[in-house]
Each structure stands twice: as C-alpha cells, then as structure tokens.
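In the two complexes that follow, subunit A is the common piece, with subunit B as its partner first and subunit C second.
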Partner chain A sequence: MDKHGYSSPIAEEFAQEMVRRNKVDRIVAMAPVGILLFLVALLSIVADGFFTGYNIQTILGQLSIPLVMSMGLTFVILLAGTDLSGEGLGGFVGSIVILMVLNTKTDLDMGLWAILIAVAAGLVVGIISGVIHVYGKMPSFIVTYAMSSIMAGFAVLSYRGQPAMSKYEFFITLSRGRFLGIPSLTWIALAIFAISYVLQERTRFGEYVFAIGDNERVAKNTGININRIKILVFAWSGLCIGVAGVLGAIRIGRGEVVIGKDTVFPAITAVVVGGTPLTGGRGGVVHSLVGALIVTIIYNGLILLGVSTYIQAAIQGVIIITAVALSVKRGRKVVTK
Partner chain B sequence: MSNSAHHDLATSGRTWASGRSWLRDNMSRFISLASIVLLVIIFTVMNPNFLGAANVRNLLTDISPLLVMSCGVALVLLLGSIDLSMGSIASCSAVMLTLTFTCAGWWSYALIFLFGVFAGFLNGILHAKLKVPSFIATLSTQSIWQSAAFLLSGGQPLTLIPKNWGYVNWVRAKSIGPIPLGPIPPLFLIGLVLMIVYYVYQSRTETGKTMMALGANERAARLIGLGINRAKIVAFTFSGIGAAVAGMIFAVKLKSGIPTVGEQYNLIAIASAALGGVALTGGRGHIILVILGVGLITVIQNGMNVIAVDGFWQQIVFGLLVLAAIYMNSDRRRRDLVVK
Partner chain C sequence: MDTHPVLFSAKGIVKQYPGTTALNEVELEVRPGEVVGLVGENGAGKSTLLKLIMGIEQPTSGAMTMRGDPYTPKTPIEANGMGVGMVFQEQSLIQNLTVGQNIFFGLEKPYLKYGFVDKRRMYEDARRILAEIGIKRIKPERRIRDLDFATRQMVEIAKVFSVVTRRSASGNLILLDEPTSVLNDDEVKNLFANMRRMTERGNSVIFVSHRLDEVLEISNRIYVFKDGRNAALLDEADADEAILYEKMVGKTASGEYYKVDRQAVPGDEVLLEATDLGMRGFFGGVNLKVRRGEVVGICGSIGSGKEDLCAVVCGDESYSSGKLVVNGKVRRFSSPRAALKAGVLSIPKERREEGIIAEASIHENIAMSNYKAFKRFGLVSTALEREHAKRHVAELSIKTPGITQSVGFLSGGNAQKVVFARILSSDADVLVLNHPTRGVDVGAKEEIYSLIRDITASGKGMILLGDTLDECIGLASRIIVMKDGLVTHELDAPAGAKPEQLEIVKYMV
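Here is the complex of A and B:
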C-alpha cells in the first residue's frame, strides 16, 4: 500500500523480491561461519589433539601471517583486482629486515627502525605496482606477478645467496611471547585487522573502495578520484605484505626469500572463501578474518591428520576453485577473462 | 609482418590506423628483433664461437621448450585470458615421463601428451563452463600439478635409469632417416612443427579465428553465433599440450625429471609471447612472431649464463621484461577502458 491508498502490485512484488534477496544474501554471508564451525566440530572428532589448549594456541600462531596478508588483499579484491606480489615482496621485506637488525651478516644494528624501513619498503613497492597498474593500464595480476619475480630476485641479491640469521633479542622475545595466551605475533595481526576494519567501515576510503568495486564507471562519474584510491589500495596491500614479511622473518629467525613462499595462495583462499568474490564490491575484512581462520584450521587439521605437506597446496587449489565457482555469476551474458 | 598488421586491423576495427600506429602496434616486435640482432652481434664480438655450429645447436635446443610453451600460452592470451599452470604441468610431465619409460616404453610419450590434453582441457572447462576467471583457475591447477609432481618424485629430482636411455637418445640424432639435419637439433624441429600447427589452426580454422574474435570483443563474437566455449576450451587444451611437450623436452634433454623444472617458465613464456607482440588484453597477436620473443629471451638467458651472471638477476630482468613488453602492447588510447 502506498500513500495514495491503493496497492501497486509491481512495487509490492519488487519489495518482496528485495526482501527475499536480502534474506538469501544474509544466508550466503553466514555460510563461511557455518563452514568454520563445521570444520572445528569435524576436526575435533577426527583429529586427535585438535581441540586442546596447546593446539588452539598453535592455530592462532599459524593464523598471523595469512591474516595480515589477507587484510591487504581484501581491499585489492574488493576493487576486483589482485595482488600476487606477496611471494617475492614478502621474501624481500623479510630478508632486508634481518639484514638491518643485529644479525650474523651485516654490522647494521638499527633495532626498531629496521622494522619501520622494511615495512616502508613494502609500502613503496605496493605504490609502484599500483602506479604501473593504473597509469600503464595493465592488469593488476600480471603487474604484481612480474613484481613478485623482481622482488624475489632483489631478496636473494640483498643477502647474496647466504641468508643472515637474526641475533636480535626483541625478535626472539616476540616469537616466543604470549599475552593472555595468544602469541604476540597474532596480536600484531589482530591489530592490523582492527586497522583494516576501521579503514573499511569508518573512512571515506573504505566507502570509495566498495563503490569502485561495485561499478567503476559509476564511481568515476560521481567524481571519485579512482586512480588515487586504487594506488592507495595497492600501497595498503604492500604495507600488509611488508608486515607479513617481518612476521615471517621473526618466526623463522632468518632473512630468506622463502619467507614469502606459499603465502599468497592461502591469503587469496582466505579472502575468497570468506565471501569476498573476485569480482569485487561485496564482502570485506570481517569475512576475510573468517576465511583466514578456515584456511588455517584446514592447514592445521591436515598436518594433525598426517597428510603429506605436498598435498596441502593441491587441496587449497581445489578449495579455491570450488569457492570461486560457487561465488561467480553465471549466465550467457557474463564475460570472464 | 603485413599479415599481422592485417590481423590487428581486422580484429580491433581501427580503420584510422595510419603508418604511425602500425609502428606502435608492432613496437615490441621491432624492439625484440633489434635486441636479438644487437645481442647476437655483441656476443659474437665477445666470443667468435657464438655463431659456430655447436653453439647454434645449443641455442636452438634451448629455444625449443620455451617455444612450445609460448605458442601455447599465446593462444590463451589471444582470448584475453591467461594460463599460469604451464610451469607445473611441464614439471609434472617431466617427472611422469621419467617414471613411465620403465613400464610403457615408447608409449610414454603418448601418455604424457594425453596428460597435457587432460590438464589443458581441465583448465578450459573450469574457465569456460564454470566461469572461474582464468588466472585463478590456472593458479589453482598450477598448485595441484605442482603437488602431483612433488608427490610422484618424492620431492627429489629423478634421474633416468641407464636402462631407459634408449628412449631418449634420439635427441642427439643428426639426421631423420636419410635426411641430414645439419646444425638443427631434433628438439627444435618439434618446437617448430608445433608452432606451425598452432599457427595454421589459429589462422585457418573457424575455432581458431573465433579465439581471435572473442579476445577482441566477446559479446560481439557471441552475438554473431561463434562457438565461444569451444574456442576457449581448445585454446587452453593447446596450452596444456604445449606445456606437456615442454616438460617432455626438459626430461629428455636433461635425462631426468626435476619436479621444479618448469617453475620459472610461467613468467618467461608470458614474457616471450608479449615480446612477440601478443596483447594481454586479447584479440591481437601472431603465433609465428612469438618466436621473436622466444629468441630474445633465450639469447638473454644464454648470454647471462655465458658471462656468469647470478640466477637471481634473471628473475629481476625477466620480471622487468614482462612489464615492459606488456606496457608496449597495452592499449592506452581508450580513456574509458576499465582495467582490473
């Protein structure tokens, strides 16, 4: 019934349709949480020692790097882009941070400044990727894929084949430290999550990212400086990769290019499984937190079940294809490249 | 060259194309060709044996795996899609070939070829039917085949046992029956044949032409009733075959199955296709001219080995080359173009 007192069947139908769609959307949004709970229940039954205090602490520790990586990636994927540079860039940042603190290879002993410089390096490389992507009009995945190769080269170049070991007390304390039973590195990751949440929910930047991801042309016509936002998103992603690289270096206590290896794929899986589709515009960092938990729990569970580490990557591959295939729009008119 | 320019015009519909834009469209090819000539001159001056029969033979052998991979991925790039799984399909093929000789003998080659067909077909189905974006579909299958390669080899490089060397000795053949090959190695001939087959298929059959058309404008291609999905699946299948053949070439050349042998070739194959003038946005490129990019990459690779540059420099150089090549081929004239 509208204000004129007669009912308009079309409007009513439309309203009903919207209510129905909202309901479906809400159920779909909750699906990852359901999967997470199901996995926890399943693994508690199947895997010995899964639901123990010790293993939960282990899971939280394993969560830190995928969570940080996925926080940056979420914004990129919200724009319908991709950042594949984590493998090389994470390795590079991890390598140089160890070279700059007290270590076995160089005389540099810059302490906390080293962390700052290393993370800034990640940020700068992110900006470079963003600029090349935006002004060169080149697809983001190939720019960042090439960037990953370049930075992996620079990583090995920085330590010239022989990785440096960390002798920095603070890193050792951090890698072993706990607060309220949660590993310190996980607290850092949670801090990054909190910042991402504020960026997404409380800033103009976050709004614009959703607007661009939803429809770039419309966003452009409303006067949003698309190029600036896109570059900022890649900068944020670079910064997150930088933090992840530093966390990786702290964890293994060695500055080596392998720090970045096999970090990008879990992060993409986390974002997509959490419910941010590769076509962008929907989802967000809270979804990615759930996704990161799912990815970490699967990883942890498979190890407890004694599954070969070689198969882990294959299983992630199957998960990611399934998740993407379930989330994409189909139909004859859809163009996917 | 004129043929390629014709392709470009026909598919992108740029009727105003002048001589200058023709030059711009072919920029990466000119630069590749000029760089090859320049580098060959430099290396010959540095070492007169560079163009000797022995080294030419080496170079041509080195070219072959990259050539088959690049021609395969070039077809996928024509669609505007990408294949990031080639490297691990090649690794997996190399490992499997090394293992299957003992039980399957000469049939091993056919088996691995079929594996390539299957792996490529799978990518095609995932992309065309399930509508998974190609980069994520092939990134996922890449990790699946990489896992398979590690599992089959136990994570270690496998050496071909001497008993089976009989199956790979043809690599050093100097003639096919009565026909002498001169400095041309058999492996290069395989690469050449595959390239020509791909070229003829792409330029002469309806499905092949559809690849080009749908890369230029998928909606239009669908509206005029072209078999879009078929073309996509065939392109990915060809890419898978190229990767599997490359893997077999690695295995017979090195007499071993190394589970990471193809790892770096994803990027290099894309780089050489782009240097040969294939646009990543699809619809523009020429299979035969991909050999220019392959030649340049191989000369750089060989040259860096000759002057003993560390391996990590190659990663940096090839990364930069990809960026430069794609930059040269990307279309920045349209202001409303949305690039994701």
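Here is the complex of A and C:
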C-alpha cells in the first residue's frame, strides 16, 4: 500500500488527476482577464489614440448597450438556453419609448413613465417567450428568434414607417451627460450590472439558476420549481433588453427598429468570451462584464486601426467560434467515478 | 423521541421493469441506532431497493413502513420530510455553489432577509453542521468545484444529515451507496466515526459497499442480495468475508445452459493484444490476449476499471500508457469507427441508446456496420440490404412482422438478435460484448449464448463483460479478474474445467 492510504495506486492516480484538473480549471477561469489586459496593452502600442482619456470615455460609452444586454443573457446562458429576441424586442422598446415621451409624432408626453412602460413591455415579452419555451417544450433559440421577428414587425407598426424624433430634454441631457468622466448611460449600465450581481450572489433565484444549469435533476429532486425559475430568467432577460432598447433610443434620439440591430451577437459573444459556456452552470455576470469589455475594446480598436466594417463582422464571428471551441469540454471523461 | 423497535421495514417488495424483475419478494428491516450492511453482486438489486426507499421509483408490489407507519414516498423530497436521506454514488452537489449553499440548497427560506439570502447566518449554521459531524477544516464559503472528491463526499453527507435531522434529531434513516470508493484509509476512518456518531443518537444507516472488509467493520447486521432476492441475513459476529462470498454468488447454472460443449478451443493466432495498458486514474498494467475463437471474460465490480478497459478497446476512450496491438498493428483508436475499421466491433451495454437505431428498420440496422458490402454502383442498395436481412431474420428466428419493422418496436431479446445480425454481417475479427444479455428474457438468452458459440466457431475473438459472474464464467474460455483498476487474477476456463464462482469473487471484492 502507498503512503496516501488509497486502496490502489489507480485510485491515487485518480485523486491526483482531479487535483491537476481543478488547477487547470482555475487557470482557465482567469484567462479572460489576461486576454483583456493583453488587448489593452497591445492596442495601446499599435493603435494611435487608444490609450487616451477621450478614447477611454468612448469605449465606456460603447460598452453600455452590450453590457446591459449581456446581463440578461448571462442568466439565460447559465441555464444553457439562448435569448435571440434582442434585435426585434430592443428595436420595439426603443421605438415605443420615443413615441411616449415628448416627440415629433405623438402628444403622449408621459415623461419618466414612458421609460417604465417601455421596459415593462420588454419584461412582458420576456415572460411570454419563457412561457412558450417552458410549457411548449420548444428550444429557447427558436422561440426567441421568432419573438424577435414578431417584435420587429410591431416596432415598425408602432411608428407606421416614419420614426419619431425625441424632443425630450431629459434624454438629451442623459445622452451627453457625464459623471466622474463616465457617460451617464454607462452609469445606468453599471447599475444594471450591480443589480445582476446582487441577483446572482444574494438571492435564491441566482443560486437556483446555477443549480439548474449544472444539474437539473438534482434541482428537481430538491423540490425547486424549475419552470418558474426559467420563466423568471427570460423575464429578466426581457427587462435587460428593454433597458438596452431605451438606452439605444436615448443615444440616437430617434425611435426606430434599427436600435436593436447588431446588439445580440456582441452580447452573446461577451457572455461566452467572459467564461460562461453555452452549456451553462458556470461563469456569471462578473465574467460577462470582462467579456463585454473585451468585445467593446476589440470593436473600438478595429475602428481605430481603420479596419473595414465587413472585416470587423468577420472577426467577431471568428472570436465567438474560438471562444465556444475553448469552452467545450472535450476528450476524456472527467468525473464519472 | 421515536422508540418503535423497528425503524424501517420492507416486506415482500417486488420491482418489475419491462422484461426483468429487479427485486423479487425482498425483505429488509432496520432497527433504531444500527448500521445495516447491504452486499451483493452487480445487478443483485441493491441500488433498486435504495431508489424505492428514497421515492425515486415506486415498488410494483410490497409494503414499506417507517417507525411502524406505512411509508410510500413518491419523491425524494417526501422521503426527506419523513427523515430519510441518501448519499448518492454519483454526487448530487452543485459545483458552482459554495459548501454552505449546497448544504441548505432548497432550504434557504429561514435565511431570507428582505428577500435576500443572509449568507453570513447561513454559513454560521453550515459551520455548525459540519462541526457536528466532525469536519472542521472545510470552509462553508468555498465552492464545491474547488474541493477534492473526498471533501465533496463529506459535504454531501453533511447535507443529507442536516436535511433528515430537520424533522427530529433521532430516528432518521441515512442511505450510503458505495461511499468509500473515492476515499483513502484515513477518510474512511473518519466516515465511520461519523456514522457511529449518527447511530449513537438513534439514527440508522443502510451501508452499501462492495468492500466486504469495510461492511464487516461497520455493520451490525448484513443483508446479502442475490439476483433480486434475499440470499442471507447475518449478524456481524457470525459473518466473515468467506461466508459473504459464498452467499453472494449463489448457485451455478448448468454447463448445458451456456452451451459449454460447443465452446471453441482457442487458436494460436493472436487477434488483439494489450501490453501494460493503462488509462490514468481508471486502470493500469493490463495485459491480455484475444486469440481466434477465444472468449476473454472480464470480471470485476463497478469501479474495477473493466468498463473503462472496454471503452479503450472500443475506441470510446484513449489509453495513457502501454500498448494496444490489433491484427499485428499498434493502434490507438480515436473513435469507435476507427476501431471498427481496424477490426474491433463493440456491442454497447445500453442497447436502446447505443446499440440500435430504434427508429430505423431491421434491415438498416443489420447493414449499419458494413455498408460497403451492400453497395451497387457506388450507392447503398436497399434490395441487397433487404435480401441479406431476410436471411438473418430467418436464421436467428427474430420474431417480427417484417424486415421493414422499426427495431424500437421489438422485444429486448429480438432487438438484441438484430444487434447480433449486425455483428455477423460485419467483417470485424474482435468483438467487445458489454452485457449482451441485459434485459433479455431467459429463452432469448439461450439463443444468444448459442450465437456466441457460432461466432467464436467462425474464428472471431471476443472480450465479454458478462451480465452476471456465472454467465461470464460459463461463456468465457479465459477469465481476467479486475479490482480497483488492476488485474488481480487470471485463469483459463476450458470446457469441462470451469472455475467456481467463489474462486473468482474473492479477487473481485
């Protein structure tokens, strides 16, 4: 018998292997932070004007929408689902929020209530997607993709083809405002991040999301209402898309369906690059913050380097495939003993 | 305080699955404050009984009682509420949550403050629970994924203990399914100390393990199961390893049953040879040869490494040391497909999931492993395929309305015969049969044994993981025994001089 007292050398090998694998896992979990620092260092050297106060403010501004979207998506992806409704739903919420404040098209002028109602619309659509996904037993990607298409239609219908322009003072203040050098919209995004963090770390909801993503059977056997949690996750994602839609509308000052365009892909990339695999159960919102920073910095850097937008899109595609490929657990079995 | 003389009882428990009876009139009784050991071969029904006690499945007939009252749990939650908890063999902790969160998983309500979980208070209680079962070094704030296996197991025990003792501090029942397989000597000692502490307070434990020395050390009484029945009930004082072996193996079926008279005498040509083969952490140092006409039976308990060895030979896993030679060439298979190309065909254990395409027809299933034999003008010819299938259906007397029937609708035995037709249609030389008669009725079993004799007579070699030890001995011409990832014994089993089960089982456990 050996000095560790295992019943056989094979059992001891197994124990050693687990220790080694845990170590590797921990290093891999830190990789996104390393990539972020590397990118900052690299772009500071190769891209003129990257590491300047002005550009850092620009980056923080560009961060706001992907960050907000990725906060909702993180929870969905932790469950091993997806939410693709952002394009249409974000466009819809952005469109109606402008129609409800002081604008060139309607007389509603509801002020802050408009924001509340618009975000609530996002939440309700999220709940509908969740209910169809859970009780209709349909994959979330197809439900939310269809939902995106439906809401894009409603968005154009809401302003009947001619988008409304915002005349709301508060929106203009927000879009230009800064506090401590950080754009106001980014503060809102950071507030959403803070709420997400509390949801993840301090509530039963957050705990159960991890549990369902890791091992649904255990969660079920413990008596957790899995369906309810899943629907709540899509509700939260809908709410985040709603906030992102409002932020988009504030930025461009116009209520148009294009607000949602090209927002989902960067957000999913942010979540996966940050370290939440598409298979769920691991990662979380802090990872996604790092991921959103990576995605935004790459986008910003490519613009500074004068790379064509078509190539930028291609690079995004390569990034997400690489990130997913790295997150897939391949090869020999891990924990089956 | 519960003072009923019997804490838990099961009487006349029958559990039937389609095609098999897993438990047949089983009895079990647990008194307050005792450890009951439960031993038996793989498939003896131990795990099935635990599932019934936990409410994961329901018995077909029979009655259970808890503290004298009828006990019919429908879910594990219900069982927990009655003071019954189980530490599962495959662990049921959530990797990305902390130790404390796992201990109170699903029971966070008392720790809610304005809707938020008061983690500090929860961790304090977790620390107290861990201390109660004698674990002080685990911090409740640590995430499960950062812990080693033994520590995870301790957390799991703490969790189960805290769940069942919510009702009352005593009179609870805790089920431990193979808890020691990942522990080292000190950790086993610690586990046993914890078990004793639990029983001192009037709780009881059912301890399932294939390590007989440990069962003997900790149990007050030991139940032996055999083929889904009670084989023996022994007091700890009356039992030793030899007696337990004897009760576990039971009676041996006749040579006629296994068609021993038709057992092929192995040729000289070696089809497959493993030299010092190993897969880090799963098995190591395995040497074996498969000759023409030979059936090499591998015996061992769950976790002995025999399944992993099989997986390596079939191309499901890769080996980390040694050498695997097939038909004279060193091989390292990247997939079962690569293995088949090299001449190794495997018949997996989970037939419905891995061995057949349930939706596809009989003729398609039969042709699957050797499409190139059915090609005409570069395309697969359905006519050739069907003709071939018809011949096999007749030869193997597969009961089916027609060859276009989906295999999913056939009975277990007939579906397995389709699998064998596929083997016969392939030109692989080495077959790996993983539990070829699982879920097959007795009549079909004999036909399958007959087929195995036909296949070996035709010169193919075979590695066999038998459904029972008896079957493995009956069919094999050479036997390799594994335990804890190592080969512990090997011997020839020629027709007319078959070894006794007892001779082999003592190297297994």
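What we mean here is this: the second predicted complex is superposed on the first by the 311 of 337 C-alpha atoms of A that agree within 3 Å, B and C clash if a C-alpha of one lies under 4 Å from a C-alpha of the other, contacts with A are read in each partner's own complex, and residues count from 1 in each chain.
One rule holds in what follows: a contact is a pair of C-beta atoms (placed from the backbone, for glycine too) under 8 Å apart; a residue touches a chain by one contact, two chains touch by 3 or more.
This one's a predicted model, so the numbers in the text were calculated from it and none came from an experiment.
Once chain A of one complex is fitted onto chain A of the other, the partner contacts of A:268 are limited to subunit B, with no touch recorded for subunit C.
In the superposed model, B is the one of subunit B and subunit C that contacts more residues of subunit A.
When the two structures are aligned on the shared chain, A:314 is found in touch with subunit B, with no touch to subunit C.
When the shared chain is aligned, subunit B comes close enough to touch A:157, but subunit C does not. In the superposition on chain A, A:221 contacts subunit C only, with no contact to subunit B. Once the two complexes are overlaid on the shared chain, A:304 sits clear of subunit B and of subunit C alike.
Look at A:286: by the touch rule set out above, it reaches neither subunit B nor subunit C.
Looking at the shared chain after the overlay, A:25 reaches subunit C, while subunit B stays out of its contact range. Comparing the two complexes, residues 332-333, 336-337 of subunit A contact subunit B in one case and subunit C in the other. Contacts from subunit B toward subunit A in the complex involve residues 79-82, 84, 126-127, 130-137, 139-144, 146-148, 150-151, 155, 218-219, 222, 264, 267, 270, 280-282, 310-316, 318-320, 322-323, 326-327, 330-332, 336-340. Every residue of subunit A that touches subunit C in the complex is listed here, in rising order: 4-19, 22, 25-26, 198, 202-204, 207, 210-211, 214-215, 218-219, 221-224, 281-282, 331-333, 336-337. The residues of subunit A lying in touch with subunit B in their complex are 79-82, 84, 132-133, 136-143, 145-150, 152-157, 161, 216-217, 265, 268, 272, 278, 280, 308, 310-314, 316-318, 320-321, 324-325, 328-330, 332-337. Interface of subunit C with subunit A (complex): residues 56, 75-77, 90, 92-97, 101, 105-106, 108, 112, 115-117, 119, 145-146, 148-150, 181-182, 184-186, 211, 279-284, 303, 305, 317-318, 483-486.
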